[in-house]
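Each of the next two complexes has chain A plus one other chain: chain B in the first, chain C in the second.
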Partner chain A sequence: MIVPLTAYLVVGAILFAIAVYTVVAQRSAVMVLMGIELLLNAVGLNIVAFWRFVRPDDYSAQIFTIFIITIGAVEMAIGLGIMMMIYRQRRTVQVDKFTELRG
Partner chain B sequence: MSGLLIAVPVLPLLAGPLSLLFGSRLPWRGGELIVAATALSLAALMLLMGEHQVLDGTWFESGGFRLTVGLELDGLTWFAAAVVAGVSFFVGLYSVGYMTDERDRPRFFAELALFIGAMLTLVLASSLVLLFAAWETVSIASYLLIGFRYEEEGARAAATKAFLMTRLGDVGFLLGWLLVLLVLGTTDIRTLLSSVEQARLSPRMLTAIALLMFLAAIGKSAQLPLTAWLPDAMVAPTPVSALIHSATMVAAGVYLLLRLYPLFATAPGALDAVFWVGSATALFSALVATGEMDLKRVLAWSTSSHLGEMMLAIGLGGPLAAALQFATHASFKSALFLSAGMVDKHTGTRDLRRLRGLGHVLPVTTLAFLLGALSLAGFQPFFFTSSDEVIVATALSSGSAAAYLMLGVIFLSGVYIARAGIAVFAGDKPEAGSGPGERNLPMLIGMMALAIAAALGSLVIAAVPQVLPFGTEPETPWAWRLFVILAAIAGLAVGGWHAWRYHAAPAIAWLPGAMERALAAATAFPVQIVFAFARGVARLEHWVDAIARGTATAVWALAMDTDRLERRDFGAGGDRLAQAFASLGERLRRLETGKLYLYTLGLFVWSLVVVVGGLAFGF
Partner chain C sequence: MSVAGIVEIIAFASSAFIAVAGALGMATTMSMFRSAIFLMASFMGVAGLFILLSADLLGLLQILMYIGGMLVMALFMVLFMPDPGGAMMAAMPEMMTPIGRFFSLGLLPENSHAAAAEMSGAHAEHDTHADHGGGHGTHARHQDAEHQRGRERKEGDDAHGGGDHHAHGAQGGSHGMGHMDMSDMSMVTPVRAWAAWLAVATGCVIVGLLVLRPSWPVSSALPDPRSADQVGSLLMDKYMVGFEAAGFLILIGIVGAVLAAHSGQHPDHRDREARVAVNAPPPPIEADFLEPLSQPLRDDDKCSPAPDGGHANHHAGGEGPT
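What follows is the complex of A and B.
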């Protein structure tokens, strides 16, 4: 059985929507970071799907995807590092509390 | 030894400011400074006798022009400087006594010192430009001293008249030395004279320079037609008249001709002009002097006449005779002036009609006047040659007409001096005068010293020819010596008899007075023109000033308007703009809530809008 392209795209879109919701609605910084990771993965799923069904002989999409995964790992490391520092200082990771730079 | 030479003019010049600064604290109010400075100058000159020194410096060079300043000591300049310093010393001594009752004595002595220093610079200068500067400085000093009693009637007018009329001649001097500079590229007098000797200048150029220089001499030495300022200058204090307006400054014109004599000797046309102007002045002024009613004015006209005699001698090619007359005249005329000052001091008037019999009251003054008058008339003790005789001898060398003219002038000299002397000193003893008499020692010393110098003028004549670079004096024939003495005796007799009989009435009818008035009218005319011109310039200047003032006011008003605009309109506009920005910023800052979800939501919405918009419009 061959899963059609549309199914991948629908799954990607659902993932993206969940991720957007997570980034916007979650109050915890850790959850926001997870939403961002989910955004990346949704996009990565889309790219892989398009490669597989549109240009299976062009490997640049795979390379791109590996880049995205790498960037996501790095981003997570940095983001969690920042969160650890903030937590140590403030004893909280609720993003609504961080309003010092408000205009 | 060059320091000595510099000290000669510099000492009096230094004494002037010192007198202004400290004079009011000194017992003689600065007079002692003048006496000391002139005495030192005189001593320095005596030490320098017979030496030849040149101190030259370049003032500046520009293009091909080289302006030098410096002092030169040779026979002629030493001689003139010695005369100036000697007369200055004795007159300075006299003025210490004369000015006792005056206010403002430090100023007087400072001005006198300025004059003496400038005059010594003038005679010693080695460069035309320095000579000219000194020439102008003595003019200023003369102006200041004539106007010394500036609150007195006529003093200011006389000062201005003297200044303006000598200025007319000074223009000639200025043009003259500029011409020399143009032709030779230097103002050095020795260079000028040596290039004259080497005939490097064209005859026309020589004549032009000589005539311009002679114009200066006319103004300074009160020759026709610029004579009238000299009698008016007699409002000055008497020592000033003695020093400046008889012995030294007015003789500067003659001195200039002597200094540049080699130049004149090569310009026969200029020499002719000198002769004619000189002889006309000698005769005219002597005539006017016989009719004057003011003792000092008689002497002033007599000064003008004697300067005319010197000019006449130079015009005839006899610089030696002129130089001798310069020296003897300086002594006898200042002696006469100083005795006139005594008379003035004692009686309070110089009017011949109101003076008489002063011989009983002022014996020493009478003696000084007598010595001076005899010297003036051409008498010398022991029948030494008088300077008048030397002039006559010079005149004889170029025909006897000029010699007869000289005899006439000598006769007239006798007439006016005898008239003045007899009218003032002879006659009955006056009613008890209230004057100070002859108790003032400095005045007596100064006066008598000069009178004795006048009486011994013949010794000067015997000694001087070796000093001066003008050769030896011509031999006077015995017959002519006799003529001279006879003319003098006749003049003295006529004048004396006339004064004895008619007191102060004009000795030769009404003619002299009329002549004086005519000359005064004629010479007042150019002065009036100058005044009118000056007034015109002043009015023009007033207009220009008004225009400038109007412009300034307009600019100021414009500036004030701009300022108001700036403050009220631009400034307010700027404020309002800034406020608008500020309130905009206030409104904008409400967008910055600090809520992360709003930011991210905005980001996504914006991306959605861009993507959907892009798709919808087909980008």
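What follows is the complex of A and C.
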């Protein structure tokens, strides 16, 4: 392995930072969901990198990543279902239009 | 340095570049559709990194799950959005950041009458479905995009819950009523600058901590080249409860998504009322200059309440008692 562990972790950190920007700055709920997917992806990349370099004989890390992917899929499906419901009632899914709960 | 090492470095560099550039494009481009495609590229890059880390199963799963499944859902939702192609924002590149301008290159701006007419036509189709008579939708075909924006703005105000203008006024400085039309079309919130600085700070802190940290206890052991076998047996042995729980979670998720997206479960927006299929005779058509039918076209016309329903009455009224 020529490429060190830190390189993978740096890539994961950059992806994480970009995803944080997306989640905070985008107005559309679809884009926020895409940012969350990217967050999960960055975390998965970190886990797999640590598995490969630190504990390559223990495959629990891959199982964990599979669970992350599963949870991401379920979250995407439910999020899109909620978004369709909201769109039907409000004609918009822009997240800063929903301010009813603001005190 | 061996050939394998050079190949590995090249593979890592290209995969990491695809992943990071795709994520950056996803975050900054003004077209939502293009942003979904950029996200797909980013997932591809991460899948390449997985394979490079000798986690082949995860790389394949990544492509199958994210690109095959979720991104199709995301594209489906993107097509629901107003202005999915970013045509409105492409007309005003001075509102984009430089990097957003780079990733939005080639977007067709909405400056020609053709684009405006097309968009207005698309909205008028909505109106045609929304109107009860169907005849009122034609006038919407002639309204220009400016009027359309005004209507969207009005609907946005309606979304605040019955003219709750107080909450609207408190929505932050650059979001007031004055230049509402400018900020309302963009894909980003008014806190974009803060978010950008937050992201840069997050990235710098994490990368700095990673670089400054003393080296990790790296093991020199090689993973099993058939790691998928190991993962499968572990999934069926040690993590069986978690595996079953994940399956159950997917089941609940599917049912919940179907229930949430199910129409008729919740009261619809009033504009959408007429678009839901209802079991009622359609309203009679006024003055279509066609000679009336002597027989109903289909057999299921008999199912409607025959002589006093509006539809049947209309057809029978022109012909008289036959």
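Here is the rule we use: the second predicted complex is superposed on the first by the 102 of 103 C-alpha atoms of A that agree within 3 Å, B and C clash if a C-alpha of one lies under 4 Å from a C-alpha of the other, contacts with A are read in each partner's own complex, and residues count from 1 in each chain.
Methods note: a contact is a pair of C-beta atoms (placed from the backbone, for glycine too) under 8 Å apart; a residue touches a chain by one contact, two chains touch by 3 or more.
Fair warning: this is a prediction, and the values are worked out from it, not measured in the lab.
Placing chain B and chain C on a common chain A by superposition gives a fit, with no clash between them. When both complexes are overlaid on chain A, the residue A:Asp57 reaches chain C alone and has no touch with chain B. The partner that reaches more residues of chain A, of the two candidates chain B and chain C, is C. After overlaying the two complexes on the shared chain, residue contacts for A:Val24 are found with chain B and with chain C alike.
In the superposition on chain A, contact is made by A:Val32 with chain B only, not with chain C. When both complexes are overlaid on chain A, the residue A:Asp96 reaches chain B and chain C alike. By the touch criterion defined above, A:Leu5 lies against chain C but remains apart from chain B after alignment on the C-alpha atoms of chain A.
With chain A used as the common frame, chain B approaches chain C to a shortest CA-CA distance of 7 Å. On chain A, the surface touched by chain B in one complex and the surface touched by chain C in the other have residues 20, 24-25, 95-96, 98-100, 102 in common. Put simply, chain A touches chain B in their complex at residues 20, 23-25, 32, 95-96, 98-103.
Remark: chain C residues 1, 5, 8-9, 12, 16, 19-20, 23-24, 26-27, 32, 35-36, 39, 42-43, 46, 49-50, 52-55, 57-58, 61-62, 65-66, 69-70, 73-74, 76-78, 80-82, 155-156, 159-161, 164, 167-168, 170-171, 175, 186-189, 191-192, 194-196, 198-200, 202-203, 206-207, 210-211, 216-219, 221-223, 227, 230-231, 234-235, 238-239, 242, 246, 249-250, 252-254, 256-261, 263, 266-269, 271-272 touch chain A in the complex. For chain A in complex with chain C, the touching residues are 1-3, 5-11, 13-22, 24-28, 30-31, 33-35, 37-38, 41, 44-45, 48-57, 59-60, 62-63, 65-67, 69-78, 80-85, 87-100, 102. Of all the residues in chain B, the ones that touch chain A in their complex are 588-597, 600-601, 604.
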